[in-house]
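For reference, the structures are reproduced in the following blocks.
Two complexes come next, and they have one chain in common, chain A, joined by chain B in the first and chain C in the second.
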Partner chain A sequence: MFYRLSGVHHTRYEDTRRLWPIPADRRLVAVLFLLALSAPLWLSELYLQNYLLPWLIWSAATLSLTLLMGVAGQLHFGYAAVMAIGAYSAIHLVRLGVPFELAFIGAGLVAAVIGCLFGAAALRVKGLYLVMATLAMQYLVDWVIVNVPAISGGAHATLQAPEARVLFFSFADGLTRYYFAFFWAVFMTLFLLNTKRTSFGRALVAIRDKDYAASVIGVSPFRYKLLAFFSSSFFGGMSGAVLAFCFYRAVTPEQFGFNVSTQLVAMVLVGGLGSVIGAYLGAAFVLLTPMILSNGIAALSDAGWLSVSANLLAHLPLMIYGALIIGFLLAEPLGLAKIYDNMRNYFLVWPFKHSRR
Partner chain B sequence: MKKTFKKGMIGALFATAALAAAPALQAQETVKFGLFHDFTKVYTFVADEFSQGQRDYLTLINEEGGIKGQKFEAIVRDHGNEPQRGLELYNRAREEGAIYFMFLSTPVANAVVPRALQDKVVLGTPLHGRGDAMVGETFPYVFPMMASYWSQAARLLKYVEDTQGGLKGKKIAHVHIDTPFGREPLPILEKLAQQKSFELRAFAYPSPGNEQSAVWSDVRRYRPDYVLIWGAGNSQMVSVREAVRNGIDPSKILSVVWLTETDMKNIGESTAIGVKRVEVVQPGRDHPIIQRILDKVYKAGKGAGPEARVGNTYYNYGVADMVIATEGAKLALEKFGPPLTGEKLKAGMEMIRDLDTKGFMPPVTITPQDHQGGGQARVSQWDGKAWVPVSDWAAAYQDVVWEEARASAAKFSQAK
Partner chain C sequence: MDFLFLAELFVNGLSTGLMYSLVALGITLIYKASGVPNLAQGAMVMLSGYLVWAVVSLLSWPLWLAIALAVVGMFLFGLATERWLLRRMVGQPVIMIVMLTLGLDIFLRGFVPGLLGAAPKRLDLGIGLAPIIVADVFVNRAYLVGAIGAMVLIAAAMLFFRTRLGTKLRAVSDDHVASWAVGISVERAIGISWGIAGVAAVGAGTVWGSVQGVDWTLSALLFPAIAVVILGGIDSLLGVFVGGLVVGVLGSVIPGYLDPIVGGGTRDVVTSVLIVLTILFRPYGMFGREDIERV
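So, the complex of A and B:
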């Protein structure tokens, strides 16, 4: 009903090949886009800067990891290190006087080159062994940042994001930070949606499904595995730069530690491997649920409905969060995106459930 | 069945979202402090006790009628050492009207620094955060309040100098966790090594430091006269154990503030008799402030945690943090009157002169230039039962410390 198909006639090939062939999907996307575009008007500063903004940035980062893990099937457990390289490169480039727009691309390039270097391991190893190789990248990058004061920013290992402007808008302004992150997330979304239907995307899928078979049909695993790591690290590095300039505004090595890498992998997996909407749902779940839970439980405790020790109070949200992850994955192993997909499929034919989909 | 489950799940989600969205509808009648901690991830070894001390002292102030009729309210939440959660808490508490913030987590505090400077609210960073925040001109709203790690390292070396008749020719090993925190004292140590011509060598063990045996056999071969151990939580216990196992005389071990009676009991009370540490607050219950807390807070059943923790080292650090902050609030209220704002509290903090706590802390003097409070500390020694002071409160080599802090702060203002 909601996703009505009757009366929708595609009379040209372009129509069927659109990103969202069903009008209801298009309307939904348009509404979400307008809502996000007008968010500064209807959302308080607190929720804009602390919920929506990080959510968009992390979703963009998850999308670039989805390209690697979901589309190309290459596991990466050091993605926070890729983002760290991007963040630090962007800050150092801007400090050297490079305009932000160029530094932004430069950050992507540096991250891509270094990411590619470690990604080269993927040419020889797969699965758990690739996880180990990318883990090594995480620890090596961490170590280099901490041990080279020129990179980390001296004894305190805190590097302030310098004053910068993007197309005449200063990052000192909260609105610039929000809109830059927003358009970055929009760009990443369109990029991934379109990549999946290009020859490049299909080649990556072929590699994911069976690299041996892919090479038999003429898809070079060497080329496409490296390309997957290159492009994913490129955008991951840029997302790291967005994170540094739009959200943290000061970078320390702890912000890109191993725990952040596992969070990113969790975002991809909980959201649904290879899904665009899943990246958004996964990022929301991993990033925002702990905040909402601990605020909710603290509010309950403040209202006097819950009297437990401070220690348990702090751990209660973690327990619920863990239970939620298990619950969601038990209910739908393919992730939150699949839950949405199930609902959409249900409404696609509702109320004629018996009909063919 | 499955459908109802799904519906229930969605309902629960909406309920939590609604709860989170409901703003705290309270009138601004109390002075609000945002005292956030990492109760669940990295700083768990200190968070519980520290937070309990802070809350108990605020309860004590309230029980005694507040300051100038103003009561204090602590907003206590867990940020899990994650900057994005800390920032969310910061902004939420700021909307609720909090004017003093403390996070006890270096990554979170560092992310908050630029925002606190912009929003003009006071950020307390005792024993964490940027050491160069002691430069008040550059960081007007950030207050480390207690001796920074640089001052602590300097104080330990000064102790060696005073008791050994000089540092010349001594071999000093700095055994540290391989994180920014562990490396932090190195610039000061290196400078002092040049000035005082002693030999310095740094030994880093990988974080989190549960396994350090490889490093300590190197340390043993180096045959140091003194060993500085620079870690936190479990890694400190491992360091002491490994040092003793490698035949290093416990009385030659000098620790950063992060070593407590609980740690020593876990190591074995008599295993490492003689270990020394630097301290910035007196531990134990033998002090009027702690006695007042026991009397007025715990007897009334208003304690924020188990009574057994009262008087522990980190508990007292929490109390001390609040002693300084409320003193600042008192001075601000006396001069400017209520309601208290971040700007007034900052000015009040900077009016603290020789805060006399009868030996609970060294005398604290905070000025618009010096936000460290004088940088005084003392050395105490484990006697098998308790930490016994072996030196007086004093500040050491502050010229070197300030030179480094100013250089580092200059870089910060450049970036701004």
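So, the complex of A and C:
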């Protein structure tokens, strides 16, 4: 019960190479999975649709960005544009009469092909210059979406997600939307956890650590940088499609602006670069903390305990969000995942601190 | 083709471009000394615009005093940012540093308008609105003053690097360890470069504030400023000057002809395309120093 490594003796290599070699972790994952699966039973409609659902989708999007930034080490400040491409292509494909399941994959493919153009910059430069190049491409994609009426439906227009069904379940139903987002988050989690253990994942890590050194040992930087951008944009585009169909239901270009790109990078960094659990924690933290804190301050000011002007109140989320990024980078550069890891390591052997892990 | 129209776009583009250079100056100064890309420069420009406006309007002090106070304030702000934020990030990967300055940018964009009011404020420099007409070309008077101010400040920065302190700064930008070994305080040099970037931000904030009003949109000047430093070379003062002119002229002439056709907003596109093309074909810009990487 307490000493959770008790009785854990792996006798085969397969056992140590499992996704979660320690039974305590497996149990935790199972409990979380069941909790999320049964969420519609114990969570009110409001919290399910407005908090849990977007959290799952943003976590999935963060995971696909983690594949690029954390695993492959390529910086990307235009990820919201990739998601926008996915969202708009999915909507237009469904409008053309393509079944949602195919449109979903098509959205990923379109986003991946255009995402590879972002990757073209990565073949030439890295680090700071890559940040600038992807940032500029974000503006280009935004402009194209806004100014081509065939895509956005005219400037300042919202594009309604059409009626669609996935495997006989209609998206008009809230439960379908939740379970589809849940499925997508689980899929991305398993994909990322397993990718890190494949030769593809190891090649990406080699590129991240030093691309010249990787090419010396026979990992082609050209091939794997493009593959990293392709696969990450593929899943990013699909996450954008999930966001459009399950959460927003009607998309505008502003929902995928530069601020959203920074927000995604902030989720990856606050969570911890390259960590799967960090993507979930980071997404929750970046999405919820500014909201909760500014709601709290608004409540205090309503109760008359604190005098805050309406103007300041409107700017509070932005302030808190900025301060959060600064604070995390200074205090814990490895992010929430590191904090979780420390706690886990402590409790794993508690109360026998002296034992080896 | 209407030659007068082209000339007008060209001249106004030149002056706008020089004003972009003013914003970009701070980024280059900091990058030169410490290798930190300061994405908070736009927010620092906004902060200094607000500072000048606050002293002039709220305290109703004269403009020159307001600018002097803002110069002192922003110098200290730069020093403090370096001391309390950036110095603790030394040795971290570049993504962390980029994100830190971006976090500062987001924080300032919330904090300053939150405290001093989000509605656009008028900052009157007493220039007047009547355009100057030179050989039938209309020249915006405020932009002209801004351009002259920009040239003065860039020239001052170039001269500054000839002084004793400036020489130390150049040594630091060449090699941190070597300058440490000969007794130059690297920390102080980097701090001073941040302070000077703050002073440059006051120049940009005052000029841009008088042209387009003081509100959060001043921080969006970061984007053209990035184009300027990328095009000119991120560690070159000459690059700031020439890059600003190119970005300004292209960002004025091309939208002048394209906007009526495609329906507006092409200035950002020109800026983005400039950034992307520069990075694809000549990443270190026109006058920047090419980094040589070793395994």
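Quick notes on this one:
Just so we're on the same page, the second predicted complex is superposed on the first by the 326 of 357 C-alpha atoms of A that agree within 3 Å, B and C clash if a C-alpha of one lies under 4 Å from a C-alpha of the other, contacts with A are read in each partner's own complex, and residues count from 1 in each chain.
Everything that follows uses one rule, which is that a contact is a pair of C-beta atoms (placed from the backbone, for glycine too) under 8 Å apart; a residue touches a chain by one contact, two chains touch by 3 or more.
Keep in mind the model is a prediction, meaning the values are calculated, not measured.
In the superposed model, A:G271 makes contact with neither chain B nor chain C.
Touch criterion met: A:I326 reaches chain C, while chain B stays clear of it. Contact with neither chain B nor chain C is seen for A:G70 once the two complexes are overlaid on the shared chain. With both structures placed on the common chain, the touch criterion links A:H315 to chain B and to chain C. Once chain A of one complex is fitted onto chain A of the other, the partner contacts of A:Y212 are limited to chain C, with no touch recorded for chain B. In the superposed pair of complexes, A:A157 makes contact with chain B only, with no contact to chain C. With both structures placed on the common chain, the touch criterion links A:G127 to chain C but leaves chain B unconnected.
Of the two partner chains placed around the shared chain by superposition, chain B and chain C are both touched by A:V146.
Residue contacts after overlaying the shared chain place A:N50 against chain B, while chain C stays out of touching range. With the contact threshold set out at the top, residues 143, 146-147, 155, 311, 314-315, 317-318 of chain A are in contact with chain B in one structure and with chain C in the other. Residues 37, 85, 88-89, 92, 94-96, 98-100, 102-111, 113-115, 117-118, 223, 226-227, 230, 234, 262-263, 265, 268-269, 271-273, 275-276, 279-280, 283, 293, 295 of chain C are the ones touching chain A in the complex. Only residues 5-6, 9, 16-17, 19-20, 22, 24, 37, 39-41, 48, 51-52, 76-78, 80-81, 83-85, 87-88, 91-92, 95, 106-107, 110-111, 113-115, 130-132, 178-180, 183-184, 186-187, 304-305, 404, 408, 411-412, 415-416 of chain B touch chain A when the two sit together in their complex. Considering their complex, residues 44-46, 49-51, 54, 95, 143, 146-147, 152-163, 247-250, 252-255, 259, 287, 290-296, 298-300, 302, 309-311, 313-315, 317-318, 327, 331 of chain A touch chain B. Interface of chain A with chain C (complex): residues 69, 75, 120-121, 124-125, 127-129, 131-133, 135-137, 139-140, 143, 146-147, 155, 210, 212-213, 216, 262, 265-266, 269, 273, 311-312, 314-326, 329-330, 333.
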